[in-house]
Amino acid sequence: MSKFKQIFSYSVLILASVISIFPFLWMIVSSTNKSVDVTKGRLLPGSHFMQNLTNLLDTVDVVSALINSAKISIITTVVAMLIASLAGYGFEIFKSKSKDILFNFLLLSMMIPFAALMVPLFRMFGSISQTVSMIGIDTLAAVILPTVTTAFLIFFFRQSTKMFPKEILEAGRIDGLTELGVFFRIYVPTMKTTYAAAAIITFMSSWNSYLWPLVVLQSPEKQTIPLLISNLGSSYSPDFGVIMTAIVIATLPAALLFFIMQKHFVAGMMGSVK
Amino acid sequence: MKKVLALFLVSILLLSACSSGSKEKANSGNAKDTKEITVWAWDPNFNIKAMNLAKEAYKSENPDLKIKIVENAQADIVQKLNTSLSSGTTKGLPNIVLIEDYRAQSFLKAYPDMFQELTGSFKAADFAPYKLAPTSLDGKNYGLPFDTGVTGLYVRTDYLEKAGYKVADLKDIDWKKYIEIGKKVKEATGKQMLTLDPKDLGLIRMMIQTSGSWYLKKDGVTPDIAGNAALKEAFKTYKEILDADLVKPVSDWSQFVAGFNSGDVATVPTGNWITPSIKSEASQAGKWAVVAMPKQTGINGSVNASNLGGSSWYVLNIPGKEKAMDFLAKTFGSNVDFYQTLNKEMGAIGTYKPAAEGEAYKAADEFFGGQKIISDFASWTEQIPQVNYGMHTYAIEDIIAVGMQDYLKGKDIDKVLADAQKQAEEQIK
Amino acid sequence: MIPAKANQNLQTTKSGRKIRVKNAAIGWSFVIIATVMICLFYFYPMVQALILSFQSGTGTNLTFTGIDNYARLFKDPTFITTVKNTVIYLVIQVPVMILLALFLSVLLNNKTLKLKGVFRTAIFLPCVTSLVAYSVIFKYLFGQDGIINIMLMKVSFISEPIQWLTDPFWAKIAIIIAITWRWTGYNMIFYLSALQNVDESIYEAAKIDGASSFQQFFKITIPMLKPIILFTSITSTIGTLQLFDEVMNITKGGPGNSTMTISQYIYNLSFKYTPDFGYAATVSYAIVIMIIIFSIIQFKVAGDKNE
């Protein structure tokens, strides 16, 4: 790599990083400031973090909201990975005319805005509540079920499988592995980066999801983190210092998860299986 | 293979674990158990606090009733209510809910039979008359009037003095005079007169209500835009204020608050609920006063009193409604002592007239140079012209906001209003 | 449900038909859970929404009005404005963002690069950052006396502050910047994960043949990543046509509907105004139709024949 190229790469990446990270840093700085300073856009760290934190912990139950959000996001991510990768694998490896039609049909489900599905979905869970209260309104299951399978993820797994070296699957079959064995022993380990990307994206969208949990969860003790933050802003004179503190606490898990998972995006990982 | 099974088992276990964990409480919001009622409201410093005080006051009366107060942002409450009510699922609905007056008619008409009639459970004549129109439908009371959105003009006395004005000079003025003063203040201090958020027409709403006018005719359904003299005057005033460069543009609530907290503007024309935010900048103590809202220039019957926002309590027609009605009637509906506490504890101004006689209303506020602001607001409350907000305040406001942009760009005012009228008539049926 | 035994007799063609049936059964069993879940939680409510789109009225007072709602779309100036706005966002923003994301991911995929993890995390952060924080800071940055105006004025790029959020034209630009800022890192992740599947030796061969970086990018990287580029452009198109969060939180659609999107209009029809869920469903289906058209175009352009 030439010197020029190197300088060019670094300056572009540094610039992109600075622009990207600025609001994030400001958010952290703001969590140490008084409400008035936050609204004025103060850029320097202050000394109010502990006070903001105490106020936050006194007024709302952040811990249980974090636990609720974690439960929902972890279950959603694990189950979603399984269902979507099985389907993505199935659609691509066992390709057939009728499956392609089904696949395109499933893609349709991505195209409607969620707002349009909310009322029918709510009615559906309302009637489920009468018989099976375990998955009815105001349960975590009701939050998870409608969002755990997305055509989006199936589509992603299928497109990634297109670039997958299929010969190695054949090798596995010849070695006498069952079809599920091929999937779990060969496909899953080889597709590690795809799983990492999919898990990050799924966790993040589940962690931040707002509209559906808002309508389906009723009891305050089941509240998730985004709902809690929304409530903090419900006042005519919201305390932005406290809100920013809550946001920092809410954002860190997702950011941390990304930092841990991104190690899987190392060039040449595929080399090991070639 | 084993791995698959294990994964499946784990996920199923997890799923069932979290759903069974919530099962025990599944009935809590359902009000099947009528020993408990649920209340939804927003704003912890105001509505929630008031509800908690009401809960305390009611405890001596009826210690058995458990009252669960759930805090949600207003937009969230609107979404949850609409989704539940329109799906016909009553599970999880609260017994009592706070609804903004501008939206009340739309809820009452969109979901007939879902709200409990309250006629007779409180004396309607005891409440500020302007609150009764939005809270009733077909002559029946559905909402129990709560806070007032009575407006005032918060002014920086120090800035005014620099421009040679006293607070008395701003009492009972009209908008023409306001602009005149504004220009002088700008000259003397370099400060803008007010902040405006171009996507929020609250100022227009305040202006037209001083003249007893609204976006809709008295029936609450027919758009009243073209040929509405008060609205036309409000548009003109709005543009004059902008043209005179008296405005610091803002784009959200926090910037609005920052505008006066950092001393960038000389006045804040808004609802009395802003008082805590004004007072949050302690260094400005003694520099503020509140005067009555300016009235419209050249409009007959325009008064120096208006309203912005404000909300009322509603009871849903689900099991537990009797208890909920009784609770409201004995607290917000009739209890003078309770209103005194409300006032002492949190400076809240209700719309219950008998409460205004109490001592707490006459307290002087040192932040406002010893002005008895509560009593001033209370007296303005009684003068607010009664208008029917009808069903479509926000739908029409979005149409008018487009018209306002056209008008500011130079389109003829009558054409702007006529076009808006046409679009409104087509959109709302 | 779970595919049980292997199709190890894939090659043995004793009785071809039987095997094909068995293979088909295994293939179907991989996709069955997903299909059932999507039918239950997407298609069932979608059908209900479709029925709803032929009704009109406030709240629960709905009556069947036939295709009136669909006819209303063409006469509704607000709807037409929102379609225009949304298409402007789509046409300008999606290509810019995808190229930017591709470019960054290629830079980041360089083996010799140091601090890769830090860069990756930093660029990904915008889409993790809470919308609330992001909207407060954007409103502040783009404010009348916000940092962006101050900086632009310092370098004498402009003489007067730009009315970023209060002027109809600049507000659109601000929204486009905001979406690009938030979603570039997100799309980059898909490319990064896909780049791992590209065989290094192809690049080595190209280098030996004397291909420049540019040539490598256009002749190797882009064709190799085609399935994922197609995926991200379709999902970004869907995301932009359903754009809601950014607009709702930064400009609320203003000033005067100049930044309002179709999705926000659906929200307003359902929740801000007196609810008309029937017409809201109609507008939703208008989005569905637009997305289908755009997706077909993209599949055609990408030449992805699912061969």
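Letters A, B and C name the chains as they come in the text, with residue numbers starting at 1 for each one.
By definition in this document, contacts are C-beta pairs under 8 Å (C-beta built on N, C-alpha and C of every residue); 3 or more make two chains touch, one makes a residue touch a chain.
If you want to know which protein each chain is, UniProt gives these names: A = Lactose transport system permease protein LacG; B = Lactose-binding protein; C = Lactose transport system permease protein LacF.
Fair warning: this is a prediction, and the values are worked out from it, not measured in the lab.
K.L.:
Select, from all pairs of chains, the pair with the highest number of C-beta pairs in contact.
P.N.:
After tallying contacts for each pair, the winner is A-C.
K.L.:
Considering only mean CA positions as chain centres, point out the chain farthest from subunit C.
P.N.:
So the chain farthest away from subunit C turns out to be B.
K.L.:
Find the geometric centre of each of subunit A and subunit B (Lactose-binding protein) from their Cα atoms only, then give the gap between the two centres in Å, rounded to an integer.
P.N.:
Each chain reduced to its C-alpha mean, subunit A and subunit B (Lactose-binding protein) end up 36 Å apart.
K.L.:
Please work out the Cα centroid separation of subunit A and subunit C, and write it as a whole number of Å.
P.N.:
It comes to 15 Å between the two C-alpha centres.
K.L.:
Spell out, as numbers or ranges, the residues of subunit A touching 2 or more other chains.
P.N.:
38, 41, 119-120, 123, 178, 180-181, 230, 233, 240
K.L.:
Give the residues of subunit B (Lactose-binding protein) that touch two or more other chains, as numbers and ranges in rising order.
P.N.:
4, 79, 86, 88, 254-255
K.L.:
For subunit C, give me the residues that contact two or more of the other chains.
P.N.:
2, 136, 140, 143, 270, 277
K.L.:
For subunit A, which residues are in contact with subunit B (Lactose-binding protein) within the complex?
P.N.:
Touch residues, subunit A against subunit B (Lactose-binding protein): 35-36, 38-41, 59, 71-72, 74-75, 78-79, 82, 118-120, 122-123, 126-127, 129, 133-141, 144, 178, 180-181, 184, 211, 214-215, 218-222, 227, 230-231, 233-238, 240.
K.L.:
With touch defined as at the start, can you tell me which subunit C residues reach subunit B (Lactose-binding protein) in the complex?
P.N.:
Checking each residue of subunit C against subunit B (Lactose-binding protein) gives 2, 56, 58-61, 75-78, 81, 135-136, 139-140, 142-144, 163, 165-166, 168, 250-258, 268, 270-275, 277.
K.L.:
Mind pulling up the subunit B (Lactose-binding protein) residues that touch subunit A in the complex?
P.N.:
Per the stated touch rule, the residues are 1, 3-4, 7-8, 10-11, 14-16, 18-23, 25-26, 28-29, 42-46, 70-74, 76, 79-80, 83-84, 86-89, 91-92, 253-255, 257-258, 261-262, 273-274, 276-277, 280-281.
K.L.:
Would you pull the subunit C residues touching subunit A in the complex into a rising list?
P.N.:
2-8, 10, 23-24, 26-31, 33-35, 37-38, 41-46, 48-49, 52, 103-104, 107-113, 116-134, 136-138, 140, 143, 146-147, 181, 185-186, 189-190, 192-200, 213, 224, 227-228, 230-231, 234-235, 238, 242, 244, 262-263, 266-267, 270, 277, 280-281, 284-285, 287-288, 291-292, 295, 306
K.L.:
Considering only the defined contacts, which subunit A positions touch subunit C in the complex?
P.N.:
1, 5, 9, 12-13, 16-24, 26-27, 30, 38, 41, 83-84, 86-87, 89-91, 93-96, 99-100, 102, 106-113, 115-117, 119-121, 123-124, 145-149, 151-152, 154-156, 159-160, 162-164, 173-174, 176-183, 193-194, 196-197, 200-201, 204, 208, 226, 229-230, 233, 240, 243-244, 247, 250-251, 254-255, 258-259, 262-263, 265-271, 274
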